[in-house]
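Could you have a look at this structure, given as structure tokens, before my questions?
Residue numbering begins at 1 within each chain, and the chains themselves are lettered A, B, C and D in the order written.
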Amino acid sequence: MVTDVADWTVGELMVVAASREIRDGEVVFVGMRLPLLAYCVAKRLHAPRSVGVFENGIVRDVPTPQLLYTMSDTPNVVGAVWCTRMANVMGLLQRGDVDVGFIGGAQVDRFGNVNSSYVGDPHRPQVKLPGSGGAADIASLAKRLVVILPHGRHRLVERVDFRTSPGYGDGPGWRQRVGLPRGGPSAVITDRAVFRFDPQTCEAVLHHWHPGQSLQDVLENTGWPVRVADGASPTPEPSEEELGVLREYDPEGVWTGNRNRSDRP
Amino acid sequence: MGPRPDGKLVPLREAISRFVPEGATVVMGTCLESLIPFAAGHEIIRQRRRDLTLVGPISDVLFDQLIGAGCVARVVAAWVGNVSAGLGHAYRRATEHGIPRPVEVVDTSNFAVALALMAGALGVPYLPTRSLLGSDVPRHAEAFRFSEDPWSGEPLLLVRAIQPDVAILAVQRSDPDGNAHLWGNLGVTEEAALASRHVVLLAEEVVDPEVIRSDPNRVLLPGFKVSAVVHCPGGCHPSPVPGYYRRDHAFYEEYHRATRTEEGFREWLRTWVLEVPDRQAYLERLGPRWEALRRLQPAPAAPVDYAW
Amino acid sequence: MGPRPDGKLVPLREAISRFVPEGATVVMGTCLESLIPFAAGHEIIRQRRRDLTLVGPISDVLFDQLIGAGCVARVVAAWVGNVSAGLGHAYRRATEHGIPRPVEVVDTSNFAVALALMAGALGVPYLPTRSLLGSDVPRHAEAFRFSEDPWSGEPLLLVRAIQPDVAILAVQRSDPDGNAHLWGNLGVTEEAALASRHVVLLAEEVVDPEVIRSDPNRVLLPGFKVSAVVHCPGGCHPSPVPGYYRRDHAFYEEYHRATRTEEGFREWLRTWVLEVPDRQAYLERLGPRWEALRRLQPAPAAPVDYAW
Amino acid sequence: MVTDVADWTVGELMVVAASREIRDGEVVFVGMRLPLLAYCVAKRLHAPRSVGVFENGIVRDVPTPQLLYTMSDTPNVVGAVWCTRMANVMGLLQRGDVDVGFIGGAQVDRFGNVNSSYVGDPHRPQVKLPGSGGAADIASLAKRLVVILPHGRHRLVERVDFRTSPGYGDGPGWRQRVGLPRGGPSAVITDRAVFRFDPQTCEAVLHHWHPGQSLQDVLENTGWPVRVADGASPTPEPSEEELGVLREYDPEGVWTGNRNRSDRP
């Protein structure tokens, strides 16, 4: 478990790092929890013209009037610009109309493949996870993919036990070979670090480690021999402005860790 | 508006008893986290239906409850768990340890569930997709086949059609013939309704046909495709119904904590399902918390005129 | 609400000039006999666009007019003619005698047009159907292939995707960003909108975004998919717009009689298209008949609340 | 041109004959003009629970408040039970939810195949007809098909120039062989006669000739050697009740021939 070292939680740092993956005007396939907050921060600060797409059939371009616990909470419907069928928003994704998607997962590997189905042998699983949801679709079809998950040697692994959501498979050329029309992971954001993918080797490369972590901590907690990018550096801290917006949406720290809760270190 | 002797407007007990036979394939939870017909799931549990195949994109905890109660042989779903609180304990016990019985899982994705039901609605054997290529998800040959575009030669995945025996769907309002209005995120509801042999509607309100006919673009599907209409206010709690009540987030947390053990699950089931004869009794058990969920901020739709 | 310098709200002339280039594939007439964007077709004729490919299920007389004016190289449509009055004379002259120029016809059916656009909207290369098996209609190999269900071996027809360059669609009301409400029979409008590279909307009314957002289930497609919004009241005459005006049946009869000869067609075109600079002038030329078509019986939709 | 011999027009007789093809409770894929009127008559008299489906996306179970010139006229929208996408109503048809469909055409042949595309060689057509519209889909997918067209040797032909809408192809077993899931023509209604199809041979067989026609007139005006059914008889005349309902919907005889119009004989 990673602990916080500043006046912000690691969850907040992750949200802010994720929000910076969204560029202005982009169409964003928004996941729940941290990605949703990341979209809200980006929308308010540096990406005012971005549009959020939800797999339940909602498209909206203004933040919700309340913190969401799920994408189908009533505050996500009110003020949406489109309430429609899942097939329509998945159609946008498959056509190539979605710029960036966010997913979570239990494991990610060196080539950005994500497992959210089985820990251990899929035929006799040690843990049966909830499954893909829309994650495999987003990973298959978005132009860029951002993966968000907790860090650990059993989570950042050489090869996932089950490839729920395709990353770069076994390396360069794999996505084209299997017929995926585009895309692939662009970043993995954990509670210790930020990885980006080398366009030549398709491998996750360490770009940032979070304040409070050492480079060594990250390397020791990652399940493959990590390459470190030239100019790798500590993750930029959240600004006052970013934290302000974020805490406006999640004042209780429901998704980012409550700074006043007793379960904090 | 009371039930008509020969009509489709029936009590929930009768709708489940007639249209959810042992071994049926049932699609539910089609809007994703909203409009989940929990009341129908609870009635299925009370009627001790067995060997069901459940179909849905995600189901929040509805599928977890049916699995924990031993009603389910097979799940065709993209995700099973507790959306706001975490894993589904009953689902894990069944899939990892066969408690109370083993459950077969057909892995799929949200889009693949939508396509399977859309194929069923369209009456074709499959629909093609570019999703899931290279994923381990499509490993069941009865549900997926690899193929290619005959024009370009590019790889495609074929998602096989599903035509469930019954779709159990919640709507805001229905007339007694099953012409119904649904609003909010639609998920795979339309596809599920059109694909299924029978449709059972749980309506917050039963209204005159004129109300429905006044806005035919908001109709889910025509009444001739609907087998039963159940007037079931509050039937979706703890999930939300736009215009009627909010999501009861705490209830999901409580379920998550209470069902961590098998004994805890059985206790939860006794309290909220087996000891309550119907939805009315369930809502009474909820008490003032139910009233609180129904205090809403209004958000009326702009008027529309079909003037002719 | 006036146009914004950097906005999508533009005059019809500009929308056509920017989004309907020479040789473009254009889908129109997607609701079938209602909400046909005649004003856009007339502007295309005035701008003398050539070599267009027209796509649509049926078009009533819109395609006949564009073909007669020499704008069209190819038609992918299930039916071209004059729905209430009979054959399309200009279409016959072009396809039988190459007057004013030959037009290639890709035979198809209404369902196949819907499936081709749905495939385009979904981003897949084709959709399968059981329709048209044994029909002579699917004879163009670039549009259709015979295949079979890999599970059962049963024959299927594959309908190839169409992704038009531009969809020109009429709606009752839109906000300046292209978030729009459409009601009435939808035909293939949703599929056409989602399949196309650009969408040009002709709106009877331009309204505040809040009006549209108040009812997101009635939105045709999200504004980010829309390239231009044109405020064009009366833009669909002689076709009807629910809530706004009735169909002008007599106008179709008059067109049918007037265009029986080539000279008659040219005269009709001068009167109703070439000599009128824009839709406002066209409506003025219609005179009191236009007012009569707008006297309607009200039929308000029942209220809906998205209370949260 | 067939002329009228009674206090009703041949068009009215055709509508009434078509209405009798609709049974109570059936789902009817309604075409325009005569079939629409036939649906209205059936709905009011012997099939009150029948439902009308239109390819533009309308489903309705009460007649329209006004005569329709096209299925997308505003009176067809108001009071409908469903206004949706064409794909949804075509899906009903393809799934097998539609009991009977009506189509017109320029030619029909002995096996009930219908041409509404080309007269003459399709590559150099003598006449380019408007095309299938939804007719080929209805003929492919409805459980039963009723074809309505004017009678004549060039219209009721041995073999259609172009098979727009599949009937029984070249005879028994053909629909199954090409993969059509069900259906086939059950009746052809012309302005001279009513044909039904022999389940063994799949051939159109004469069952009724209209009052004013002789059996000989029909045989001479049909382009193949017609088999006459055992017990073939004159077409039953429209009842007062049927005419009353029909004229309520189309008092001017827009679609059935105006009894007071100067172009009547």
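Keep in mind that, in the parts below, contacts are C-beta pairs under 8 Å (C-beta built on N, C-alpha and C of every residue); 3 or more make two chains touch, one makes a residue touch a chain.
None of these values were measured; they are calculated from a predicted model.
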{"item": "Result of counting contacting C-beta pairs for B-D and C-D, higher pair", "value": "C-D"}
{"item": "Between chain D and chain C, distance of the C-alpha-averaged centres to the nearest whole Å", "value": "28"}
{"item": "Chain A and chain D: spacing of chain centres that average the CA atoms, whole Å", "value": "58"}
{"item": "Separation of chain B from chain C, taking each centre as the mean of its C-alpha atoms, in whole Å", "value": "37"}
{"item": "Inter-centroid spacing, chain D versus chain B (mean Cα positions, whole Å)", "value": "41"}
{"item": "Chain A: positions in contact with at least two other chains", "value": "58, 74, 77-79, 83-84, 87, 90, 93-94, 141, 181"}
{"item": "Multi-chain contact residues (two or more partners), chain B", "value": "122-124, 129-130, 154, 156, 183-184, 186, 190, 212, 217, 242, 246, 296, 299, 306-308"}
{"item": "Set of all touching chain pairs, with the criterion as stated earlier", "value": "A-B, A-C, B-C, B-D, C-D"}
{"item": "Of all residues in chain A, those that touch chain B in their complex", "value": "32, 54-58, 69-74, 76-79, 83-87, 90, 93-94, 117, 122, 125-137, 139-141, 162-166, 169, 174-175, 178-181"}
{"item": "Chain A - residues contacting chain C, complex", "value": "27, 51, 58-59, 61, 65-66, 74-75, 77-84, 87-88, 90-97, 141, 181"}
{"item": "Chain B residues within the chain C interface of the complex", "value": "122-130, 142, 145, 147, 149-152, 154, 156, 158, 160, 181, 183-184, 186, 211-212, 214-215, 217-218, 242-244, 246, 296-308"}
{"item": "Sites on chain B touched by chain D in the complex", "value": "120-124, 179, 190, 194, 212-213, 216-217, 219, 221-225, 306-308"}
{"item": "Contacting residues of chain B [partner chain A, same complex]", "value": "31-34, 57-58, 60, 77-81, 83-84, 87-88, 91-92, 95-96, 105, 107-112, 114-115, 118, 129-137, 154-156, 183-191, 239-240, 242, 246-247, 249, 252, 296, 299"}
